[in-house]
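Both complexes below contain subunit A, partnered by subunit B and then by subunit C.
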Partner chain A sequence: MATIKAAMPGVFYRRPAPEKPAYVDDGDAISAGQTIALIEVMKTFNEVKADESGTVAAFLVEDGDEVDVGQDIVRLEG
Partner chain B sequence: MRRVLVANRGEIAVRVIRAAHAAGIEAVAVHSDADAEGQWVRLADAAVHIGKSAAAKSYLNSAALVEAAVSTGSDAVHPGYGFLSERPGFAKEIGDAGLTFVGPAVSTIEMMGDKAAARGAAERADVPIVPGSPPVATVDEAVAAAEDVGFPVLLKAAAGGGGRGIRPAHTAEELAEVLPAAQAEARSAFNDDSIYLERAIVGARHVEVQVLADGHGNVVHTFERDCSVQRRRQKLIEEAPAPGLAPETRQRINDAAVRLARQVGYVGAGTVEFLLTPDGEFFFIEMNTRIQVEHPISEVVTDVDLVAEQLRIAAGLPLSFDQDDVSLDGAAVELRINAEDPDNDFQPTPGNLSRLDLPGGPGVRVDTGFVAGDRISPFYDSMIAKLICFGPDRDVALARARQALSELHVDGVPSTVATHRRLLDEPELRTGAVHTRWLEGLC
Partner chain C sequence: MNRLLVRAGGLYTTVQDTGRFGHYHMGMPPSGAMDIYSAVVANMLVGNADDAAVLEATYVGPKLEFTDDRLLAVTGADAPVTLNDEPVEPWTAVRVRPGDVLAFAMIRAGCRVYVAVSGGIDVPVYLDSRSTYTLTGMGGHEGRKLVDDETLQLAADGQATGSGGAVVPENLRPDLDCPAELRTVVGLCSYRLTEDALASFLGTEWKVTKDADRVGYRLRGGKLDFTEREQPFGAGSDPANVVDLGYPIGSIQVPGGDEPIVLLNDAVTGGGYATIGTVISVDRDRIAQAKTGESVRFRSVDLDTALAARRDRRERIEQVRQQLGR
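== the complex of A and B ==
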């Protein structure tokens, strides 16, 4: 099962701003290079990009949660 | 005041705890999951765990902080800088809980946090302001306003601060292009997309005046700081006093700051920020209603303990001195040692601080919240330490800074140490001929 992993430790956000919709939702098709989330590291926001195409099966981390480097954040199907 | 809760972390929490202890006041620390082993936690008389590591769930959680203060029997809360220090809602919650907020009145924080209101106050106090516009909503409004203000302009968020969300525009075309982005950025950062324009003052220095005001009508300044060495509007090196300032200009700028503080009925420690042009003209930018990161350089050249005075003022006591007692004695420079990678566009880099050898000797003060072995977590800012070097004159202060840097070793994370070593040898820095865009031109 393919996953997208966090490339850095920090705080995970699924939306570009609190009042904005999520970048992607469960069931969405995504393509390689697409921004799917943000990780905040020391007050700087870094885009998390999909490293391969697929369909989002599930987010494994909640919006606002802490993530560690290498942690699985999204499970892809197909 | 018997017990103060320090609603912050890192070096400023350590600084406040030290001031409290020196004043015979107990200090209560707070910490998130990531900070359980923090130096400030060890130094405090008691510590309260306030939540998860993400700042939104700990140091920005006002309910948890007020609860921590109440449950520990604290009678005051010191907010430090950053986090909730300039949020009027936090000061109000503390007051509503029957506790003392170590800072100005809620209404003062509100006024100074609203750029338009702050500019209005400055005008009433006869303090010069940068030519600017009321909030603009559309491109047409913005272009019309820019013609009045004069290009080049800066687009600024009305609810902004900390240098964030500021964009330049040199022409009407560029203005039309950047306005939507500035609005979006303001909305996401401050939940308010009001933008106003200000004339961009070219070649100016950032000079700020430290003021202190008590609840008995005493308002004083402890002279100015020059914070022109900035990268992306984040300060890297600060000096006190501002180098090369004519005595007459120094007097005028410090008097202006005191006038503004008086005008708004300020109580507490605050900083009035100005742009100073090469010909000695200055313009009010904003007032920070809290202690600043760079406050120590003012302390070492005036022998005033600013945090101790904050506690005195909050306790309802008068300042321990008056203006005539404050004189400039020597010069100081502060170098911000950050966990940032100079070889990778100063990207902040968390990691394990495997080594932290701190310098010492005459005229060297280090304010830090870390010890070797600590983890620099990804959740907060990148500052490792502030290196404050001072001496009888600027040359001695800078020489001691070079000496101190040669002793300072940071391992485990990339840091700005080598950057500072290089900057201190730059001819413009040695002569004090820098302005706010100098560093960016250099890198």
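== the complex of A and C ==
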């Protein structure tokens, strides 16, 4: 089961701004290098990019949750 | 020649030496490597002076390409390191050649890795130091963190001819265990806390929040009460306020009573919050390797203990020097 992991700890956000739609939703196709979320740490919002292409099966972390380095944040289909 | 190509800057990678001293009274904090031991030992491994400029990378390491023959060493946090996609050992002098590419995988423990290259990173000296102070954009490489696809100068006298291989024994590598225990000298304004609050401060396991960087670490996990007092002339109205004072590096303030902040290398040098204790200088190396989401504890020590710890670290550094024959 392929997943995308957090490369840094911090607070996880699925959208670029509170009033904006989520970067991607469950079932969406994503390509390598595409921004799929943000992690806030050290007073900056850092883009989380997909390291491989695929289809999002599910987000494993809720918007606003704390994440740790290496934590699975997205499960990909297949 | 004498260039280091930054293919990817990483998350927050800066040029740091052992710090910028003698300007604190002017409001200039020391900056410098947060984990001094790891930075000094990295320099030793590649034959540099202890205070040569290294790269400090937080959470996500950079990707670097060499253009000449150098010695390289990676210390600090535990992260898998590769040279041309082949694993290389940390805490070890590694010989690199033109075209070699250094990269990092995700960190396993700790927070900051240090990369030393023989000769050192050759940025201009500003106020006696090569350290970067990003808040004001001074020092280091253009006063900022590294970005993708740029070039750093290396000192011309660092060309390596010999082979690498020197290695720091396990027992002389730092402890990255969590929670980090931070030895702390209580004061200068701990009189502002109730007795219970001071005991609670020392008994609490504090969690490192997302607001933890080179400026300071904001912690969460308890609530501290201040004693009743009449607001003195010149002090703010928050119970945590006192008349302005110089902040010791490593000092702990508690605005609002519930979120202690440990001030670190790039912090403001003075202000009007009560500092209830100061993390001893040696244990700033420990907090430097504590990451967001991990916990820290404070243990009260006296000044003699703090000075002894500083002597111990100096001796450890000399032990490494002997082991490496530098």
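Throughout what follows, the second predicted complex is superposed on the first by the 78 of 78 C-alpha atoms of A that agree within 3 Å, B and C clash if a C-alpha of one lies under 4 Å from a C-alpha of the other, contacts with A are read in each partner's own complex, and residues count from 1 in each chain.
Keep this in mind: a residue touches a chain if its C-beta (ideal position, glycine included) is under 8 Å from a C-beta of that chain, and two chains touch if they have at least 3 such contacts.
The structure presented is a predicted model; accordingly, all values stated were derived computationally and were not measured.
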For A:11, using the defined touch cut-off, is the partner it touches subunit B, subunit C, both, or neither? Pick first, second, both or neither.
both
In the superposed arrangement, does A:43 touch subunit B (first), subunit C (second), both or neither?
both
Touch test for A:70: subunit B only (first), subunit C only (second), both, or neither?
second
Between subunit B and subunit C, whom does A:20 touch in the aligned arrangement: first, second, both, or neither?
first
Based on the superposed arrangement, let me know which partner A:28 touches: subunit B (first), subunit C (second), both, or neither?
neither
Applying the touch criterion given at the start, work out whether A:52 contacts subunit B, subunit C, both or neither, answering first, second, both or neither.
neither
Which subunit A residues are contacted by subunit C in one complex and by subunit B in the other?
8-11, 40-43, 66
Touch list for subunit A against partner subunit B, complex
8-11, 16-20, 40-44, 64-66
Interfacial residue positions of subunit A with respect to subunit C in the complex:
5, 7-11, 40-43, 46, 66-70
Touching subunit A in the complex, subunit B uses residues 52-57, 187-188, 191, 339, 347-350, 377-382
Mind pulling up the subunit C residues that touch subunit A in the complex?
11-12, 58-60, 106-108, 210-213, 291-293
